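Structures for review follow.
Two complexes, one shared chain (chain A), two partners (chain B, chain C).
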Partner chain A sequence: MRSNHITQYLVSRVRICYHDDGDFFDGNEGHQTILKERTGLKVTFKDVTLSYDGKIDTLKHLNFEIPDGSLVSLLGPSGGGKTTTLNLISGLLPATSGHIYFGDEDVTKKDALARKVGMVFQNYSLYPHLSVRDNIAFPLKMQHVSRKERYAKAEELAKLVHVDDQLDKKPGELSGGQQQRVAIARALAKSPSLLLLDEPLSNLDARLRIEMRQEIRRIQRETGVTTIFVTHDQDEALHISDNIMVLSFGKIQQFSAPDDLYERPSNLFVAKFIGEPVINTLPAETLKADLQGHVPDEIFAKAVTAGLRSEALVPFDNGQGILTTFHATLAYKQKYGREATAALNYNGQTLLSTEMAGLPADQKEGDFFITKAGFFLFDEAGALIFGGEAHDQ
Partner chain B sequence: MAKKLSKVIIYVLLSVGAITMLVPFIWMVSTSLKTGPETIKVPPIWIPKVLQWGNYIKAWNAAPFAQYFINSVVVTVVTTVGQLFTSILAAFAFSRLQFYGKNLLFMIFLGTMMIPGEMLIIPNFVTLSKLGMIDHYAALIVPWLASFFTVFTLRQTFQATPDQIYYAAKIDGASDWKYLWTVLVPMSKSTITAVTVLAVIGSWNSFMWPLIATNSENMRTLPVGLQAFTTDSGTTYELLMAASTFVIIPMVILYMFLQKYIIAGISKAGLKG
Partner chain C sequence: MINEKPTIKSTLKALLYLLPMLVVTITFSIWPIISSFMMSFYTKYDYYNDKVSAIGFDNFVTLWQDPEFHLAVRNTLIFVVGVVPITVILSLIIALLLNQIKWLSGFFRTVYFLPFVTSTVAIAMVWNWIYHSDYGLMNYFLGLVGIHPINWLTDPNYSLLALIIMSIWKNLGFNIILFLVGLNNIDKHYYQAAEIDGANSWQRFWNVTIPLLSPITFLVSVNGVIGSFKVFDQVYALFGGQPGPAKADLTIVYYLFEKFYTENKYTLAAASGVFLFFLILLVTLVQMWYSRKHVHY
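Now for the complex of A and B:
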């Protein structure tokens, strides 16, 4: 139903227009939009540093490029620099040093007003004294678009986000999900080339959150707007994004496709941060005997920490690419719905596995297998030195 | 039972308060309808035998009240609008803009609120007379175009507005100026109404300053005009009270229409700040 509606919208609208100077409509039919097809915008950071107080660098020499038309999530723990990065893109914060480019244009010195991005805030930040219609039309009012035209646009956008039956209400009368939709419509009103979302789903309940993230994904695909999405929820990021940037301690830990993040974490931090349950980590030394001959000696010599995904510990060799075998005792087994986890005791370490559902209930110990996928070795600095597809034979 | 009793006590106390507030008004209206001898009768009469409506006509004609009325309206409107305009700008600066010496300046302004108004009469008079403004509208208006009480009250409300609303407005393409007038001011409607009403009442009722700053008859405002009924040979109370009644009626009407906003505005500024 919902997707139908949006498809209809797109078929009927053909294009959401792109503007250069505040003109949204060609004027002769009021409703008809021509102009250019909207394009996304490439965002480039060159050596961007931000310091709030001049002493501590909150963001340290950030370099990245977000391709146009893509949806990128900024993911990381609280205080990692996600929202700070977003505010640097929006222009709400000036960079301490470095350069920011939108396309080929250097926007470092431009403020939020001049950068013309669309943004959705965590608490939606709708104007409480304005109706939904006026909220969505507000950015157009600021551009002196005539009342008739901006209301027409507001109604279209309200249809796109399914709040067209709420146009005359005040934000206070809407549910959280509806407010969020209105905030998205408002952000899209000026047909921005760049849409920024700052934890837009964190105030919604779990079910609505899943619905809204699909909705955001769809709207993004259909409008082609480059979208940057801040979240601390990895599940959200993994489902919605083309690429994920993991930020922590003011640095980019990894910037890659969602699958790569999980299958080829570039360092120990990312390996631990991504994945549920959390990856098993143990001193590489513990595994020495079992890894002999399976990992090149010169690599193993540098390895400090080993990481094993819980699904990389399997009871049987079903041809899924086994790295090695090991002997362990079973500490306990638990079943939650369709998931079964088991804790294995191995050389004094406890390893969690989610693949032990097929074991006899009374089994106390045995030989288990470690698959190649989901096994990683990290050096002293935490960088990945073994594991991930690139190392697989 | 105890609940009922406490309710009774609350209503009794509120009634006592309400009556205490109302009695002077009732007395004023009652006196305005008496004859001269009735006004000083002991024990006092609450309802005159014959209602002397003619007192109102006599009072209106006793002095150029039409001129006073015009003067009061002009002074009140210009003062209120001017004061609101400067105060909204100042409150915005103190709540949102960053500038050198902001906190120090705010403390100094706050300090000025401790100075009693009477102390300012002489310096203000000297200043305005040197500027040649005495006995003009300017004398009645210019000193009241800024009010730190209004600035302070508005600043508290502005500060309680979430930062993200400001950022959202910035992203939506609103300059500071537009944000102030299209978002912040409408959002602060109840506080602005409250300070407006207080400014109107203050200006309308002010007596001491207009008395000092004006000499000629045609510059006087209504409260000053009430003096016309007090002469060396005594006070004609019935006419004074009749005049007082038509002087305060506009304020009573204003208050009745806006009391909802006044109470909401004051409590909002107080609680949230």
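Now for the complex of A and C:
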């Protein structure tokens, strides 16, 4: 086990303990020197707008604060502004207007060179002509650190990311996962207070992707560096982050903890974007008869769209807070591995449920239940006006 | 078909397909090389009846003892050393500048490329005028900074320099194009990564541009060395069929030309050709050896 002060440091830094690996204390020793140098850094955006061509705003009036020492994912569809936001933080792109702060320092006018962040690119961008050792030591070479010192540091970092047996190889001889580890080590070499990762896992195969996201989580916990992680994969974001920022149409749709994102989506876009299978949506009007008396009338009057998570449609009262019942016919049932989905026909709408496994095989229609958790009403603008209770399972 | 073992029949079939190309190559490339190699060892030779009465190393001994040949080798080496490094560095600098400006870059590219498509004779005529001791542009500009007129083409001390300057200018265009292609092939992400890694623009140039451009630099320099060793037409055109004042611009190929066409010493010409072949081979091998360590593909 590593020394106590690090554990304390991590506990004080990590606010939301959301992890799926459980073995990030893997008994590696000797990283203390790397850890000691590091402090997280708070990142603040104040009314930041970015326009590439001076006409269309790619990012519109962004305001957020990323707490120091946390791991935040920027999640959203392609073209939503994730990478643009990351490049604004790194300084590779200058903001059109607004202010960016690292800690209390205004860095808006500083370029990437002066901001001194660490960054892992989507294609890793390892220098093809340098060995792994020289790649990791490159940022230190730029600071004119002596060869002996920077190689010692490179070896230490290579141990941290588990590529210490590949130091003399060229990047071209490494597998995708190894290249990614080297890229992380290089980004950490200058002991940045801020580590930026731009879709670092998108070039890896599915199994390696899961392994590497746990690795990134482990490295982030071990070093305590504030980490910002861009991804379009919600599963990745949900598993790795302390907080998730959903970006779309150049705006922050929601910025909250992973559970909140799922249980209390602030608008229809987030509700649809997060969750697999995709949330059932139907015009609120079709549910009017069944919701009478269960939803306050003045709220229902404003509701335009209803959203029902597939697990909110259950065949029995499971004692977890039932909102209402509804009558529907069963269209079909399918089973994939441990997942079973069923489609229900209700008032001319098709609703997908993942909770119908316990339904008798011959039952083709009946009264079903909607749980309070996983039921949402959205107004005309798409904002959440009802629902969002915690899933208490 | 693909994993078939080669048989006599299949090999003959393949040869039949290759025959047209082989005939052309053997007649016009392989045979002349072999025959000139052989000719360099003929010591008593009747060129018109192709009769060889004696063979030996006499031609090479003659070359070894000929002060004129020494002069030709010396001039050629000075020419190569003067032209190649400056051409490589200058064309890289111009390519970098052209890569920076978007405005008029197409125009400048054309301007620099023009010498490459223009005939050497035409270029030599223009430079003949530039180098003119009384009316030349060169002396005019030198006069502006207070330097006395130089007899570029008639003073043996300056005529080789005049040849070098003209050749550098002529070579620039094509090399600039090659460097521009190389620069455009460098992934922009490497520059972003280097900037993030704290490399200032000078460090980015030395640690990203130079190493990633090394295959092109290698190509340009090997090409330049071979081309410069073979220099002849620039000399012939610039000095009106003379190897410069007091043979100050006599190169190996010019020596070969004189021996063959003017003095009819065919075997000596062949021997100097063989010498040039091995000289170029040696220098190219040194470059190849150097590239193993310093060129990154």
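Convention: the second predicted complex is superposed on the first by the 352 of 393 C-alpha atoms of A that agree within 3 Å, B and C clash if a C-alpha of one lies under 4 Å from a C-alpha of the other, contacts with A are read in each partner's own complex, and residues count from 1 in each chain.
Quick note on the criterion: a contact is a pair of C-beta atoms (placed from the backbone, for glycine too) under 8 Å apart; a residue touches a chain by one contact, two chains touch by 3 or more.
Computed from a predicted model, the values in this text were never measured in an experiment.
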Partners on chain A (chain B, chain C) - clash or fit: clash
Chain B versus chain C as contact partner of A:T341, first or second or both or neither: neither
Partner chain in contact with A:G118 - chain B first, chain C second, else both or neither: both
First (chain B), second (chain C), both or neither touched by A:S51: neither
Partner chain(s) touched by A:T96 [first = chain B, second = chain C, both, neither]: neither
Chain B versus chain C as contact partner of A:S146, first or second or both or neither: neither
Intersection of chain A interface sets (partners chain B, chain C): 90, 92, 111-113, 116-119, 121, 123, 125, 127-129, 138-139, 141-143, 186-187, 190
In the complex, chain A residues that touch chain C: 90, 92, 111-113, 116-119, 121, 123, 125, 127-129, 138-139, 141-143, 186-187, 189-190
Touching residues on chain C, where the partner in the complex is chain A: 187, 189-190, 192-200, 203, 207-208, 211-212, 214, 296
Chain A to chain B touching residues, read off their complex: 90, 92, 111-113, 116-119, 121-123, 125-130, 138-139, 141-143, 186-187, 190
Contacting residues of chain B [partner chain A, same complex]: 162, 164-165, 167-175, 178, 182-183, 186-187, 189
